[in-house]
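Shared chain: chain A. Partners: chain B in the first complex, chain C in the second.
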Partner chain A sequence: MSLPVLAVNELAMKFGNSEVFKNVSFSVEAGETFGLFGKSGSGKTTIGRCIVGLEKPTYGKILVQGKDILRMGKKEFRELRPKVQMIFQHPETSLDPRMKAFENLIEPLKLHSGLKKNALLERGEELAELTGLRPEHLARYPSHLSGGEIQRIVLARIMSLSPAFVVADEPTSMLDVSVQAQILRLMQKLQKETGVSYLLISHDLEVLRRVCHRIAYLEDGTITSVENIKRGINT
Partner chain B sequence: MDNIFADKFRKEGLLLPEAYGSDFVKKVFQRKDMLFALVALLLFIGLALFAPLISPYNPNTIDLKNKNLSPSGEHLLGTDYLGRDLLSRILIGAQTSLSIAFGVVLISLLFGTVMGCAAGYYGGIVDETLSRVIDIFLSFPGVIFALTILGVLGSGVFNLILALSIVQWAHYARVMRGQVLSLKRQEFVLSAVTSGAGDFYIIRKHIVPNAIAPVLVLATIDLGHVILSIATLSFLGIGLPADIPEWGAMLSAGKEFMRTAPYQTIFPGLAITFFVVIFSILGDGIRDILDPNHEGGEIY
Partner chain C sequence: MSLIEINDLSVEFHTGEDSVKAVSHASFDIKEGETFGLIGESGSGKSVIGLAILRLLPTNAEVSGNIFFQGQDIFSIKPSELRKIRGKHIALMPQNPAGSLNPVLKNGLQIKEVYEERGIDKKEGIKKALKLMEKLLLKDPEKLLDLYPHQLSGGMRQRLIACMSLSFEPELLIADEPTKGLDPEAKAGAVDLFTKIKKEYGKTMLLITHDLDLALEVCDRIAVMYAGEIVELDEASKVLSEPLHPYTRGLIRAHPRNGLVPLIGQSPSRIRLPEGCFFHERCKNSGFECSRQHPEMKTHNGGWIRCHFQSLQ
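Our next item is the complex of A and B:
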């Protein structure tokens, strides 16, 4: 059996004397959407941030493709970083307000691909098309875009790095219902095309039930149960 | 993908970060107050640059026969208590005041921005150490601090720039630190971190462009303040040597003759006021243009 894309073992986090979460363990398979459900303030976002290396947990292991990112050298972690990406909750602050949408979109490509200007343009155009963006969206500053359009740019930006795993922290909670469905469908489409895995963090059980293969329930800082939604991976 | 997409794309200059700069210039030209201030400033910078060529007299030539003259056809702004032509002294004085002011603001802005960025971005012990240093520099009253430094170093243009820069940099560092502290938690900065961008790239591409607006506003308004500080120090007799014409020193000398020859203080005073107002207008304008939430701001 192949290694899970992500395995979290006995993760614990303390801020001072208060324990945010403890003994959190789960794994996510390739092409799977794994849901993490919990109330506001239950530590879901902090778990997500630990996985992408934005926070350091007090205890535990985070294995990405079998390698523990908490015990990795800086150089090794930097090389692995593009493989683990995050979609943040607030579309309005997800893109640099001083860069046009397209500049935001191609930034990771500029950092990692080594592509020259024209090739960069073409790849950016492909990604824009893949995520259903139109040219006029790309010419605008983020403050001129809707939440849904911004989340599309965020998805295009992330997909440019061909990640193995994406932590999606309430990616649709700030969007209205019809746009929510569009973004979730787009995420599913991208999953089918690229085989990316998602850790979908949400306090909306209905959303999780609609798209996840399994859902973990976080209560009082620990995972109390994992529900199997009986949906085959990549179906 | 069809070509229409790509063509439209290129035509609109989507890839060009230069568009940011050209948008800024366009906004400046749309604001009448800024345009006026900018033209006035450029005019006076031009006058200051060419002052040695256009000054009707040598600003340091003493002519006791013609002392304390009122404005006339021969001396457009009159003469001072040593018979020196006031117009010539104001023109050459602009050169001194402006070059010192720009020098001080540039040095303090660069140093303060780097220190503020380092403190805000790296946090922890770096922030603790730099913040205490900033606090120490901010705790001294500016003019007294500059007087002390000049007392140790002696007067002169270079020492004056150095003294005022030492006084000013901490203000920029404090503003920059605050900006960086709030920015580094923003999701677009975190996105850049998770994309694998290095610290220097993030600071250069995301932090500085988003944090710099209030610092630039401070710098523009500070240009006026520095001119006032130079005037204050010269007024107190410690700023510049007597043979360098400077507006503050002219005010100081003219105060003895306020009743009999008020123009000796009025004209240098007007010159100082004029520059302070110009820089205030420019500072306000830059703030509005760079503020994404302001109507007519660059990102609207």
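Our next item is the complex of A and C:
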């Protein structure tokens, strides 16, 4: 059997004397959407931030494609970095406000792909089309885009790096019901086309039940159960 | 009797060369004691109507139409008169409770300021505030007064704002997206809160929201907005259980519980609105007439709808 894309083992986090979560273990397979459900303040976001290396847990292992990111050198982690991406809850703070949408979109490609100018622009346009962005969106600054449009740019940016794994932290909680459906369906389409895995963090059980293959319930700082959802990806 | 009447309200924002049509020809009234909901996606013009009622729109906004509050034309009264209405007769619970409280003042001081403005002395003000806080489901109100806003949860901040908005006993309360970003527990709390404000205080409310569950629980009537205009208006239970307009139907189907089916396409640009019906490019039932002629609001089964084909649906 192939290795899971992500395996979290006995993760624990303490801020001062208060223990946010402990003994958190789960794994996510390739092409899977794994839901993490919990109330506000239950530590869901902190778990997500640990997985992409934005926080250091007090204890535990985080294995990405079999390698422990907490015990690897800086250089090795930097090489792995494009493979593990995150979508943040607040769209308005996800992009650089001084750059137009298209510049924001191609920035990761500039840093990581080594593509020359024309190829870079072409790839950027392809990604914009893939995520349903119109040319007029690309010429605007983030302050002139709606939450849904910004989440499309965030998705295009992320997909430009061909990640194996994306932590999506409440990606639609600030969006309206109709835009929420568009963004979640777009995430499913991208998963089908690229095989990317998602850890979908949410306090909305109806959303998780609709799009996830499995859901882990985080209660009182630990995972109390994992539910298999039969319907899965494309229903 | 109507407490507020909005007639043919249009709002355009001028930005350099372009102008953005935020609201087009909106008309509705809110009766005394009624809770009226404005629903629709972000950018559909809901909040702009709320701000227009209080004349709080920025200077680049061009407004036409009338708003009558208790028979008084809001657009023709002097600024000094308007100040007597704002906050006192019409109160606004703004979007984003965190951004509406002063982060460097303790909650008690902020709520006390409101009573001072009313000419009530400090001790009496605090007493009244505590009573109201208890009624609005805030636990341990005395302790809360000694905390800063960041020490409260989103739901608690919202209740505190509700207390401040209600302290002048306004005739009309406008609540703008009160459940945005709240978790399900706090959302359920918001439903309790607004039900209480409605039943115990008998307040007339304008509830601006995209939360269909909240709208169904609390509102008596609902207007659905799309691209700046009202496309359907009727009793809340009718609109949400038997929607007529194809946009309302799409909105309801997009709810995770109803299948998470997204509407095709995106809302039109508000600088260049499409010919004919603003929704026709996304509408499955669109016909010849829809791309050519803009539909007017028509009565249908006791409600109102803006669609050429309402009789076929």
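Criterion: the second predicted complex is superposed on the first by the 230 of 235 C-alpha atoms of A that agree within 3 Å, B and C clash if a C-alpha of one lies under 4 Å from a C-alpha of the other, contacts with A are read in each partner's own complex, and residues count from 1 in each chain.
Just so we're on the same page, a contact is a pair of C-beta atoms (placed from the backbone, for glycine too) under 8 Å apart; a residue touches a chain by one contact, two chains touch by 3 or more.
The shown structure was predicted, so the numbers you read here are calculated from the model rather than taken from an experiment.
With chain A as the common reference, chain B sits beside chain C without any clash.
In the superposition on chain A, A:F102 contacts chain B only, with no contact to chain C. Once the two complexes are overlaid on the shared chain, A:K117 sits against chain B while remaining clear of chain C. Number of chain A residues touched is higher for B, counting chain B against chain C. In the superposition on chain A, contact of A:S143 is made with chain B only, not with chain C.
When both complexes are overlaid on chain A, the residue A:E126 reaches chain B alone and has no touch with chain C. Contacts of A:L205 after superposition: chain C is touched, whereas chain B is not reached. Fitting both structures onto chain A leaves chain B and chain C with a minimum C-alpha separation of 9 Å. Once both structures are placed on chain A, no chain A residue is touched by chain B and, in the other complex, by chain C.
Per the touch definition, chain A reaches chain B in the complex via residues 52-54, 78, 81-82, 84-86, 88-90, 93-100, 102-104, 106-108, 111-112, 117, 120-122, 125-126, 129, 135, 138-139, 141, 143-144, 154, 157, 161.
The touching residues of chain C, when paired with chain A in their complex, are 41-43, 153-154, 180-181, 183-186, 210-212, 250-251, 254-257, 259-263, 266, 269. Residues of chain A touching chain C in their complex: 39-41, 132, 134, 136, 146-148, 173-182, 184-185, 203-207, 209-211.
Residues of chain B touching chain A in their complex: 1, 5-6, 8-10, 12, 14-15, 17, 19-20, 186-188, 190-197, 201, 205-206, 209-210, 292, 299-300.
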